[in-house]
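Take a look at this one; I'll ask things after.
For reference, chains read A, B and C in written order, and residue numbers begin at 1 within each chain.
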Amino acid sequence: MNRSSTRFARKAVLFSSLLLALSNTNAEQATSLNIYTVNYPLKFFAENIAGEHANVTLPMPADIDPAFWAPKAEEVSGLQKADMILLNGANYAKWLPKVSLPLFKLVNTSSEFRDAYIPLSEGVTHNHGAGGKHAHTGTAFTTWLDLSLAEKQAKAVFKALSRKKPNLNAEFVKKFIPLQASLLAMDSELAEIGEALQGQALVGSHPVYQYLKKRYQLNIQSVHWEPEEAPTAEQWAGLKTMLETHPAKWMVWEGKPAAETVAALEELGIKSIVFSPVSNAPEVGDFLTIMQENIAALKAIPTAQ
Amino acid sequence: MINIDSLELSYGDDGFRLSIPHLKINDAEKVAIIGPSGSGKTSLLKLISGILLPQKGEVSIAGVTVNQLSDAGRRDYRITNIGFIFQDFELLDYLNVQDNILHPFRITQALKIDAQVRSRAKDLAEELGIANKMKRLTDTLSQGEKQRTAICRAMMTSPKLILADEATGNLDPSNKTKILDTLFRTTDKNNATLIAVTHDHELLDRFDRVIDFKQYCDLGAK
Amino acid sequence: MIDSLYLAWRYIVFNRVKTVTLVLCISLVSFLPFALKILLNESEHQLMSRASTTPLLLGSKGNSLDLVMNSLYFSKEKPEFISMKAIEKILDSYLALPIPLYTRFQAREYPIVGTSLDYFEFRKHSISSGRAFAMLGECVIGADVAASLNLDIGDSILSSPENLFDLAGVYPLKMTITGILDKTNSVDDKAVFVDLKTTWVIQGLGHGHQDVKTMSEPGAVLSRSDNLVTASAKIKQYTEINLDNLESFHFHGDSSIYPLTAIIAVPNDQKSATILRGRYLTEQKNHQIVRPKQVIEDLLSNIFQIKEFIDAVVFIVAIAMVLAIFLVFSLSFRLRQKEISTILHLGCSRFTVIQLIVAEIMIIVLFSGALCYAALLVLQYFQGEIVHQLFIS
């Protein structure tokens, strides 16, 4: 073979290698993970950590509580095709026992802290037949409101992504570290606020603050009010009964309450703040910004002198 | 013409001996052979047809010295030139009348079945009154019909010599006469020689010649 | 030769009883060893193909063969149950992926296999029509179930009660068919697949009923207070799950103790498999983890030992049969001596006589061969079904 042919052969090999590398990269990029989550916080964590390497879907409409979503068969079929399904754990998704999903694709982001689940004692029990009493009570499920648990859940998402795409581990690490830092910083801030509040009585509009209460030592008892609905006379009476033993001056709402309700509460000497559990995707902002708003709102409660 | 010269045959442990110095049978002659049982009448038929070979002497048919032919030669000569009729008919019960008539053509390479042969079988059957029984198995036939089938089989090759061994032995009196009539008619038609071994003395006057075989045999030690 | 064949054929047809008997005897003796070989090869294939593609099987300690036969071939022998805790243990180990199996129930003589969707991916099954089950109470049926019961997408199939006399026992559940599997040529063709949770509903661990809080039917509610409602047995429990009552379905108690019959463990790699097996060998007293391939290989070696014995017996029987057939032909030949004598007189050669007899034997042997071949073809067509019924079920 003469020199010019040798040079040509070398160039051809180099060019082919480059093409192959490029096509592999394109193939890698083209096969981004198809991830479904059961709530918005997990969606946020997955999007933050995986970045362009994943399409993350929260399958339920924005105006419903994801925990109580009732998927149709076609929607479940979409879930079945996912590469990964991020679960909250703590019996969060009430629809989960009624659908069929591939076990291999499920990731329980709170499996490492099952012992930290808070059992619920509220709810109606019933019995029938020989089985004895049983309650539809279960477990409190807004685990992410304890930011230390949120950090663990984010870490679980990171680990699941790394197991699925080990070659992208370095990228995932780069993205997880700042998220982890943000969550832990908010956890510290909330701890300070909790300490400052010194057990001041608070009322929660809905029983969703169990983990917030436990982690940050908040003295919060909840009613069953909806922000956009005017409470009934029965509900007002229930609140008043609660205030007799739990003299709260602040009500913590899961969403922006109706102005009339706020006014009526103020007549009772109760002011309102919003601490959104951000279970579903917010219209504006993201998980971190909403949590910052939540923290700011809680911080605004005057502390005992 | 059949010529037997200085023929000697002996067999059996008891020293039976057959000795024929000279016997001549003319063409188209109808000869009856009579004699006591064991006198060698059937053996004569076998000697003429080449089934048995004499220890001495000659048997010739139309100039062919049969006993000097090879085994294959005698078989071929026999199947193409001699027709056999047996006392027990010797039909095959697993073949129908037509197949029995055509049977000789299936057991030798010397004969082949073709359209002409089938036509002859049909004609013979019609002539002998069994054409309507062609597809029937032989065990459904009467004694007379069976013997007529045997006669058809014997006549298929248009033989010049018919050897009948007690052909009427198993028939009732009315059938005996009919079968003999049939036999005589068909041999006359073919201008064939008929040699019939028989015990039916009431039929002897129908033959051209009667040979008493007692003269030729030595029954040997008793 | 044609004429000899014709004469032989006429003889055979005339003596049809003798002919049929001979043909049947020769066919049977020829058929047996080949049939045995076909069935054993098929059983080896069926057993090994499933076993060799199933890396590890976890179940209750006991008879490993029962565990393997029930889990892989859905045989009627049910092993002791294990609980969902075993699934969690495997998941938490990150050594293998677990596929649960609960094969306790039946639907019209077909096994109901409670499992997860991963089973289909693991077994590389695809759905020929419809879709996989998505909701509680839905099922996917095997191709043979669909064909034999004439079922299609949208039809339903009822689970069978375990015991007709146990009125308080397992209730029949009406399951909606959402999909039919492609033909797999395995036991999966004859199974009804449901989500594991659906089998728990069949068992009664989960159920749906009228809302106790709003029930007003007389006699249905025994007592009611703010946080406790006691309903009577009059409460209507749903025997089918549909869009209208799906919301009411719920499970009671701790699901980690819910039962399974086995778990297929798909290890990440050989090292993970070894570690996992080691853990169950040393730590677990109530569970066993087996390699189905090993269990089946042991079973097959026993079967093939028996096969060798059967082969010897068949060989001896075959020799006896051949001698008997030889005797039959000899006697037949002797009976036909007169016929042979006649045709020799007529001018037939001895060679032609031999040809006639050989032709007769040839025709009988050909018929026997054809019958044996046809029987073997039929056997081959149904070998899967026969092996499943005889050896696996």
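Just so we're on the same page, contacts are C-beta pairs under 8 Å (C-beta built on N, C-alpha and C of every residue); 3 or more make two chains touch, one makes a residue touch a chain.
All figures in this text were calculated on a predicted structure; none of them were measured in a lab.
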**OP:** Sort the other chains by how far their Cα centres are from that of chain C and give me the top one.
**Re:** B
Original post:
Highest contact-pair count belongs to which two chains?
Top reply: A-C
Subject >> Inter-centroid spacing, chain C versus chain B (mean Cα positions, whole Å) >> reply: 72
Subject >> Centre-to-centre distance between chain C and chain A (centres being mean Cα positions), rounded to whole Å >> reply: 47
Subject >> Whole-Å gap between the CA centroids of chain A and chain B >> reply: 117
**OP:** Flag every residue of chain A that touches chain C in the complex, lowest number first.
**Re:** 70, 73, 76-77, 80, 97-104, 111, 122-131, 133-134, 136, 163
**OP:** Flag every residue of chain C that touches chain A in the complex, lowest number first.
**Re:** 87, 91-92, 94, 97-100, 116-118, 121, 131-136, 138, 168, 178, 195, 197, 206, 209, 212-213, 227-233, 235, 246-247, 249-253, 255
**OP:** Could you please specify the touching residues of chain B with respect to chain C in the complex?
**Re:** 46, 49, 51, 71-72, 75-76, 78-80, 84, 86, 90, 92-95, 99, 103-108, 110, 113, 137
**OP:** Can you check the complex and tell me which residues of chain C touch chain B?
**Re:** 3-4, 6-7, 10-11, 13-15, 338-339, 342-349, 352, 356
